[in-house]
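One chain, chain A, appears in both complexes that follow, with chain B as partner in the first and chain C in the second.
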Partner chain A sequence: MSTSSYKKGDPYSHAGAADKMAIFQECLQQFNATPVNARKCRQLLARLLRLIYTGEVFPSQESTTLFFSISKLFQHKDASLRQLVYLAIKELSSTSQDILMVTSSIMKDIQSGDLIYKPNAIRTLSKVLDPTTVSASERLFKNAIVDKNPIVSSAALTSSYNLLPIAKDVVKRFNNETLETIQSFKQFPPDQFQLHEYYGGATTSLPTTSYMYQYHALSLLYELRNHDKMSLMKLITSLSDGSSLRNSLAVIQLIRFINKVLLDDDSLIQHLLPILINFLKHKSDSVELEACKTIISLQHLISKADFANVVNTLQKLLSVPRTATRFAAIRLINKISVKHPKEIITVNQELENLINDSNRSISTLAITTLLRTIGAGTVESDSTVEVGSESVDRLINKMTSLMDDITEDFKIVIIEAIENLALKFQSKHKKLVSFLTDLLKDEGSLELKSSIVDTLFDLIKFLKDKDGKQAILMSLCEFIEDCEYTELSVRILHLLGDEGPNASNPSYYIRHIYNRLVLDNSIIRSSAVIALSKFAVICGGKVSQNIQILLSRCLNDVDDEVRDRAALSLKFIANNEKNLIVNESKYDLAVLENKLIHYLNNESNFADQFDINEIPAISNEELTSLEYENKLNRLDKNDEMEVEPTSTEGAKDDSNADQSNDLLKQQEFEQEISQVAEFKDYGKLTKSSIQPIYLTEKENEFVVTCHKHFFLETSKVVLQYNITNTVNHLIAQDVSVIAQSDNPAYVEEFILSVDELRPNETGTIYVSFTSPSLAEDELVSVFGNTLSYTNREIIDDEGNIDESDEGWTDEYQIGDLEILPGDFIQPLYNSNFDSVFDQLPLEDSTVVHLKGIKTLENAITKLKDDLNMLPLDGTDYVPSDSNSHILKLFGRDVWGGKVGILVRLALTGGKLVAKLQVKTETEHFSNTIVDGVGV
Partner chain B sequence: MGQTFSFANIFGKVWGTQKEIRILILGLDGAGKTTILYRLQMGEVVTTKPTIGFNVETLKYKNLTLNIWDLGGQTSIRPYWRCYYNNTAAVIFVVDSTDKDRIDIASKELHLMLKEEELLDSALLVFANKQDQPGAMTAAEVSQALNLTELKDRSWSIVASSALKGEGLTEGLDWLMDVIKEEQL
Partner chain C sequence: MTNISLYTITSCLILDKDGKRLYGKYYQTQTLHPELTTLAQQVEFEKKIFDKINRVNQDILLFNSNLVVYKQVNDVLLIIVANLDENESLIYQLLSNLNDSLNILLDNTLDKVTILEKYDMVSLCVDEAIDDGVILEIDSSVLVSRVTNPPSGASLGQDLNLNKIDISEKGFLNALSFASKKIGERLQQGL
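Entry: the complex of A and B
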């Protein structure tokens, strides 16, 4: 709405910063006058509120003055004036002081005031109360909650919700009233709207109730029972039958609470799933969508048949007229397609129709989804390849026509989806690459072209198919022949320099690069020089000589940068300084930065030179593996924008999203440990487990997490227990953890315990062991952990304890800690698993039953996490209806050797059997893996 | 205000109906201010809670419109009394006659208040309240304890009252109306 639509002379339309002081002055004058002119004051308050709503803030002193003058309007009985007074006080309550002055007046309005402003009064009261005055209003709130007018009740419920932070104890006592409200039937009074002078008689068709109070009551109840799982479950079951919640927002809220409960404890799925399934058929679209969304996020827990229900519901929602619903439905389908494209092949027909939807967001999502489902159809068997490629053709045709009339933002989204498809299902890349290169030739902004070039770069890096790579490189060569963006040309030249020399036809690239030297600007020319010199040092021989001739011509270039680079390159080539032109490895930049900051912060360091060798160098191979993983994670995350941050899946994604963060964390551990005198002789910390392992429930009185630290040089293992005291009135003293290994080869050396843990403090306990060496014994072990401490009660507000009372000791068992083969492995990427696997010298194999795991997908997740290895060739995606699967895992062990595992999974009679073929470079390590899997 | 000489005001002066008369009821906490306010307005005794802030009621008394403000007496609220002094025709100061321990504090608050410039022209009515209770000080004793005789240039009066029984209230208010009509209308 634009301001110009307001009529001239309308008192509510004058606004703007210039008026602020004028309004302030006028307010003081009018509000303090006797007798009060209600009409004038109403208009003034409206103008004041408009100022505030548009973002004006009054400083504390002015706000307080305003507040006191507004409080004088309580003498007037006009109902509309009183409503505005409440609105204004509510807004000023955060900036004014001494707002408690209106408490009594508000309370009186709630008790005996006019119905028209009673809800306003209740809402304002919750802003005015503080912890000292809140108990005086307890009775009022209880009465208002059970009031038979739904509007009053809602106001009281939401206000109680807002009071939670300042008076949880008082609000807790509203539990019964709230429960009564949620189950009651409240009707708007028939004259609700006629009470107000401005409402006419045309209010007869209004609904008699909205049940909105159920939504408010449910949210409040959840806050009150949040920490008590049993009573929460009781609440959910009592409200889940079809008739008790009539408000769709309340049902949605209930579904969200179910989701939260399940995130905490997924063993409750049996009780809760039927409830969710029930909501898949509901008269409200939003409820159905919310149920679908929740079930999708719980997919790992539910059966195929149930999941098909969800897809059915979504399919139905795709054809409703409401755009918002269609959009939400297709977004959920898109989310499913990231991990389970096979499940939604049934809706392909609808999706193809939606490509031409008038809403571009919907059509884009339809395309990106189709790109995935089509890929899914082709990977599993040969018979579907034809069908698949046929539909890819059709889709590409449709996309090509669509591309002309969608905006670039959508194009970029589609390009990312294409990359994703090409990476996961590499057999499809040819068609997609040609689509991309065609797109590259069309008109487009730098942003669009960069995103295409980015995609092509990634494909070159990660594609296995040599011919495919070559095709991309060649089309990039063509692109720079006629490229208007210097930046892109430079990037492509750099890539050609890296990839071209190893291709089968280097001369082709050399020709194109040389064209740049002749035709383009100086920036491009200088990068062309560097690219050419790479060909010279890598290809050598005749090529090298020819390039030297080409480069020597550049010595006469008009631009000095080009000349300098040419001269330098020629010198390097002549002296055969290959490593100065081509990088074999890179330093870990995060660690380098950290170390440099450390170095610079202390001047005493300057006596010694900075030692670059301390920085771990990452070989190109490792770098590719990091990038590949980040890439896949990022692509998945883009598609799963909707995954809620609290969900476990989201957390996991975040945790391995950025490997360099892990390296930083590892460094922090290194530093922490080096502070402890006892560990001085332990040598270099080889590896730590980065993610904290929870050994207790997160709501426990004492929350214990654990990290494992391995020192290979000296054969030590240090277990680091972080213990948090969450009890407000207890101090724990002499806190210690006794760790008992089931493997006699682990010998405990000492425990560093914590003397005292005050409330909300976290302490660290270290337990050190001598670990067995790889050659002699088993490395795998389970540690049973017992936490022991002395309780001392806090007796006063300062947190002192009663010295005469000795307290009592407590000791109980917490969760077990495992040392698994995965602790000795780091994931590694390799684009050619099969040939590397064949070359690994040592081999072992085993067959294990994976107990308690029902689906292939869960089995893959468990193996991947336990072994801490990277699934290659897209083998972590399981076609949905198969009973067997081959998983390829790859990694590097802490002794520096490569590890490859070929896992054949089979699902028979509800049992999962895994046959592992383990190949390693490090002696004895394959034994360890074989022993450790499936523990 | 610029309208002082309008017709309405002149008639108001003659008939004493138009202008609202602003009256404050002040005093220490628990003196009975809120009870007096509602006894005057509704003619009955209501159960009250300590006033956090103020109560304000409008009532007609002998053709006059009274706008009576009952401000809370707790220590934490007394500092805000001054926010409501402006335009006040009269102050009713209520004293708990049985509370001999705090009569000095009451006296101090009273004199502090009367020094305020905004109240220089206001009349003062003191209720020596809770006369129904045993051991209550008489009006004279209260008057002495409050040093009322020291007050110069101000119309004041003290009346023994019992809000519970309704005694003394109209008597005091009648006096107040007379003074206000005479001095301010």
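Entry: the complex of A and C
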């Protein structure tokens, strides 16, 4: 190579990747030259690969030309050149045409080529084969799989694995060879380490085999057998003795198979758990980790003693020097702490040490986990409360000292964890609130302060304890005395206006708000005016008069916005227009936006006025329950996706979207249904089930989902079946669903069927019923559903059907649909369940056995979902290993009455018994609930 | 959901100190990672990871439901990206063994200049470790033993001469880049 050409391809040129066209030309020239200069060609290929790996893509024609000239290099015998040729062919194979032409050269290499590039040849072969040519190489692959050289074997196994999508039937014939490979012992040839000069003669410390072929064979075998559970079980038990699998990746794979089997059938746990427990002690970190992971994902099946084993292993892993392992271990511990905080109290010491870990993610996880385990102490008996509060003290001290030297987004994560703790374990809030307010007084960016203020706002909304609320409000008052961020002051003033008038000492807040009027800028002054006027209308009497005096002074303010607001407020107060100052309800903004867009898009609408009454108003009560639910969901989500301060923001958006989506969806249903002429007289749609209920498997030929629509005014129920035809060659005609109720009070009126359903189309079938009224009969029912249709086969590419062929009719049973009490209830939040529950007039009670449910947690989830009610006072959280639990559910029924249920759950002898005390405002509805639970 | 297939690795990357790609291979983009198919998407992804790594310097992080392990060596950054649920310890082991092998193959000078110069060795080494997202081999000595050295030249006098020039030029540039790195660091500390 000349100096000039060396300069041209200057690898450390800062001008970026070398010129694509120049390399292309040089490749063609050099590869076609005789004799081939191996050294030069290898260098050229390296430059070509560099282009590819930095993102250049050759268009099909150029790629094919390159491919063709590279194949010329097969004439050269040099092994080191050949190895790179294979890599280049592999990378170009996806963009080139006519790649089959190199097949024979590759096959020749596999049969009689040099050992060093034989594995490369095998792996490249799987890239150039197509479904029609695979079978020609069957013999070759079989021989390679059973080859004594582990690397050749691995290459053949992974290549077969890659061929699965295009030639599964051929690969299936490798079953025996693959099985044989798992149990065989393959060794590197004696000269393995002399192929590369680095190791020279030294062979003593080098491995004789890495057993990677076991991993590849095991995975391939799984793909070949995964539909046969029995043979998979046999494979697992035959390999689980600990000595057959020598490769840690293979063991990890085996553990994953066990996990998979158990997910499908958890009755096998007795057999398989001992195997998993064995792997908790292994020489490789990654195997131990995988075993822990799997056992934790099966935690509902695991006894306490076995759990302790897992925690022991994790404890050991927490102290290894490798960051990745420590990180993985604490991630798992954090996951346990969500459900079983008590089990991991033993590792608290290690966790406290990890707070100062150099890896920020690890220390964050350590803190959030600690916060949770401490919370666990407080829900226990009195003696542990002492211990709990002691450790809260200690942790808060530790965090206070830590807060100085950590970054802000880290602080925000901790603040969220504290909020979580304070919400779930309200008795602990005092310490935590004082920690937060101290933090609020320190220096900090707007983002940090906002997150503290957000947290405090939420605590005010959801704390039960009046004194606690007052303490927060008072510290917020102090904060705005000296707050540099206008937007925060405005938000706090707004909150003070909402919460202050109902507190025991409104004059305290009025004083602080008035200070703002004197001392702050005009934006803050105007919101202070509004806040004060709220005090005036709510407190009335003397307070109102005093405030009017204060406000009248604002009429001379320099800023016109402040003057306007003051004048307006004074007018409203004088005329006693309370509802113009204090909002009892809000419009649903998502629906409002939707309606407005609809209205503006069509000028013909302008003839009529926009009717604001069409927009559902959300009362404050309902708003709080939505927010509360979102809050808890979000906190739970954070638990899953810890560590990432950026991702939590995404989660926030999601849950907000969810909520507005529900209302939008309801709106959509209303519109869809109003389009159908038959439903004209049905009146207003009262409620629909939002989430589609799957009545078939999602992979079925016809996928059926269902929504329930209730019209209470006219006593109708409409079942909406959405049917998707996933068969490519069939057209379904006269598609209909026959729904039969086990409750004679539901009388079918008519079916709106679908005439024709082409492939990948979704059709909607409506079945209408007259429903019983609440007073006369029970509402709960189960519908048996049968899908019926006529099959017509598609005979040509345009999707036409053979008119002469009548097709055949088919009918089959799909899943049952239940109408549950939850269909008539909406979750509602209330901060004081006990007193509201006492006041509900009508009562009923029942005792049910919950069949097929083995844990309290599952029972709570089922009750919550079936009844569609909101668990209050954190009662959806079950402390581990308790056998009884009290669940408080609250909601509002569709007739407008409140519904409260007190559920006492007990776990005895593996059976779950629930005693429900149902209290309602609507007559007869409690019967419905009592009838419907546990069906 | 635990991933049971052999396809474990999403991507293997080598970036320089400015986050520019020296080596980048994404596996199974068509089937498993459609969000990383085009070059633009990949570059965006690399940029985000690079920013994140620059901020927190600590071997492993979670990013957009990916598990990212990385190692900073001299002026380059080795990165392996896998699924969020993948075994952290295993992936890190792969990365650190890959690092060891590259160090041996590049004569203990794992830096940008050497990587570009011996790109054939680097590509072969990564290909022997990960093929199509499948972990082929994890033992570093086996990895090294699988990578051939370039042909020993056609023993032309010209070639020999050139070799000498190569070495001296490389040595000079190495020294230069080392110096500029040091100066850069000093400047940063001063600021």
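As a convention for this text, the second predicted complex is superposed on the first by the 603 of 935 C-alpha atoms of A that agree within 3 Å, B and C clash if a C-alpha of one lies under 4 Å from a C-alpha of the other, contacts with A are read in each partner's own complex, and residues count from 1 in each chain.
Just so we're on the same page, contacts are C-beta pairs under 8 Å (C-beta built on N, C-alpha and C of every residue); 3 or more make two chains touch, one makes a residue touch a chain.
For clarity, every value in this text was computed on a predicted model and none was experimentally measured.
Trainee: Which holds for A:V102: it touches chain B only (first), chain C only (second), both, or neither?
Mentor: So A:V102 only meets chain B here.
Trainee: Return the chain, chain B or chain C, that is in touch with more residues of chain A.
Mentor: C
Trainee: In the overlay, answer first, second, both or neither for which of chain B and chain C A:N359 touches.
Mentor: Touch partner of A:N359: chain C, not chain B.
Trainee: Touch test for A:W808: chain B only (first), chain C only (second), both, or neither?
Mentor: Neither partner.
Trainee: Check chain A for residues that touch chain B in one structure and chain C in the other, and list them.
Mentor: No residue of chain A touches both chain B and chain C.
Trainee: Under the touch definition given earlier, write down the residues of chain A that touch chain B in their complex.
Mentor: 32-35, 68, 71-72, 74-75, 77, 98, 100-105, 107-108, 133, 136
Trainee: Would you tell me which residues of chain B are touching chain A in their complex?
Mentor: Those in contact with chain A are residues 1, 19-20, 22, 49-56, 58, 67, 69, 72, 77, 80, 83-84, 86-87.
Trainee: Within the complex, which stretch of chain C touches chain A?
Mentor: Spelled out, the residues of chain C in touch with chain A are 2-6, 21-25, 39, 42-43, 56, 58-64, 69, 87-93, 104-105, 112-113, 116-120, 123-124, 127, 131-132, 134-139, 141-142, 144-154, 158-159, 162, 165-166, 173.
Trainee: Under the stated contact criterion, what part of chain A meets chain C in this complex?
Mentor: It comes out as residues 1-3, 6, 11-12, 37-39, 42-43, 45-47, 49-50, 53-55, 57, 78-81, 83-84, 87, 90, 116, 119, 123, 151, 154-155, 158, 161-162, 188, 192-193, 195-199, 206-207, 210, 212, 215-216, 219-220, 222-223, 248-249, 252-253, 256-257, 259-260, 284-286, 289-290, 293-294, 297, 322-325, 327-328, 331, 358-361, 641, 643-644, 647.
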